[in-house]
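Before we start, here is the structure in question, set down as structure tokens.
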Amino acid sequence: MSLNEFFNMGGYAFHVWTSYGLTFVIMALLIILPMQKKKQLTRRIRKTSRRRSET
Amino acid sequence: MTNSSYTAFKTMVHRDFTLAMRNRSEWTNPLFFFFLACSLFPLGIGPEPNTLERIAPGIIWVTALLAAMLSLESIFRSDFEDGSLEQLVLSPYPFTVLVYAKILVHWLVTGIPLMLLSPLLGLILHMPADGIGLLMLSLLIGTPVLSLIGSIGVALTVGLKRGGMLLSLLILPLYIPILIFGAGAVDVGLGGLDASGHFLLMGAILILAFTLSPLATAAALRVSI
Amino acid sequence: MWKTILKLTSFRNFYQFSGKLLPWFTAITFILFAIGLYWSLVIAPIDYQQKDSYRILYIHVPAAWMSLFVYIVMATSGAIHLIWKTKLSVVIANSCAPIGAAFTFLALVTGAIWGHPTWGTWWVWDARLTSELVLLFLYIGYMSLYSAIEDRASAARAAAILAIVGVVNIPIIHYSVDWWFTLHQSASISVSKGSSMHPSMYWPLLVMATAFKFYFVMVLMQRARNEILERDQNANWVQELEKEL
């Protein structure tokens, strides 16, 4: 299958690539959002731990 | 702090909008209701695409109307319960201006999302693609009317403990004209005829509601508090 | 013996255990997806009738399988919480909900996109599609209910009850193609009867399905760890951990 044929998907390019693309975006978000939340939580925990060690 | 009404308006909009954004279910629940209620019709009436296609504009309009009505409580209830509504009534700023601000936020947070979701519902109810644009335009003009007229009803019932059913009794009759012209506009347009008459009438109702209903709402709130 | 099992499911032990597993699951997930995607998009032959559009199958079917599987995990976790009052099961159930909702959404949307060239319509109100839509609302309902109740313990119990009640939808979804006349095709793969698909299409599907499973465990652990950190943020073990975070 040549690269052009691959992108064209036998004329069904819109359908196949929208499906795969949307799936990729959503599954990437499912990974990225918790990672951001983790950073947020880490920052908060660091702040409270610092405050504790200072008292 | 200047005494400018415009500043008061802007501040009120900003406050209400921030509050609405913080309470996510406040604006997502009407959307879910809209979707679910629309989905009930094919399940009750049968999935025949031709039948659904004919009644799709009506179904979408009625359920949008009901979803808007269910969401009206959010305009005044929480402010009423913690006493800030009373403070707003007593404030030096023109109360009607503040009411306009609240209704604007309600429309932005409820009406616009309903309008944006309607194409998807049109799709699953097998509405022809030409109707989608008409549907969105009719909802764009119609949803502000729903917020404006609805605010009168909420203002009248905000002080009551079990105001919910009474609210529907008060508001639904007032909603009938905009429903007839809104759903009618889409039906007429899909039938190939010119729908501009319907849209012009809806515009007239909107102007009437815009100029008069906040006055009624403000008066009703002063009574309810 | 129960005491040791319960101790294993403490927040701290789960956090440390999952911390060790997470890199492995991440690596395996990516490898499986790399293999699976190449196999599905390039190597697998075209379908006689649908040509290349059938390739959506390699995303649609695993997403749909996962939407059911994740719900069962969520409902089971909820039941465990109601019966044994374990806290980890609440965390697992809560973490499952958004993931399951995403899979259900993907199954519905990729199904609609696939249905458009295949059946000529984006949507039809048959039993399979409608019950899958109901599943999406069940997931959303679970999340809405949990966030609406202020007391976290009551919220967990209420949401668990909702999840268990909704389990009745799962066999409906699964058997809908057998019990009703639907547009959706009937099952070609079953645990007891093997597969009626051609092996050249069956194996890439299995690889993708396995990739999705590993992906699920990976993101589940991510979310569960976050919720554990949030719930236990003032505990000593978290404060000690902070130095390493």
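A few comments on the model shown:
Just so it is clear, A, B and C label the chains in written order, and each chain counts residues from 1 on its own.
Going forward, a residue touches a chain if its C-beta (ideal position, glycine included) is under 8 Å from a C-beta of that chain, and two chains touch if they have at least 3 such contacts.
Keep in mind the model is a prediction, meaning the values are calculated, not measured.
For subunit C, the chain with the farthest CA centroid is B.
Ranked by C-beta contact pairs, the top pair of chains is A-C. Centroid to centroid, with C-alpha atoms defining each point, subunit A and subunit C lie 17 Å apart.
A separation of 36 Å divides the Cα centre of subunit B from that of subunit C. Across the complex, subunit C is touched by residues 24-25, 28-29, 32, 36, 39, 42-43, 47, 49, 123-124, 126 of subunit B. Of all residues in subunit C, those touching subunit A in their complex are 41-42, 46, 51-53, 55-56, 59-60, 63, 98-99, 102, 105-106, 109-110, 113-114, 116-117, 215, 218-219, 222-223, 225-226, 229-230, 233-234, 238-239, 242, 245. Residue ranges on subunit A touching subunit C, taken from their complex, read 1, 6, 9-12, 15-16, 18-20, 22-23, 26-27, 30-31, 34-35, 37-38, 41-42, 44-46, 48-49, 52.
Subunit C contributes residues 121-126, 130, 133, 137, 140, 144, 147-148 to its touches with subunit B in the complex.
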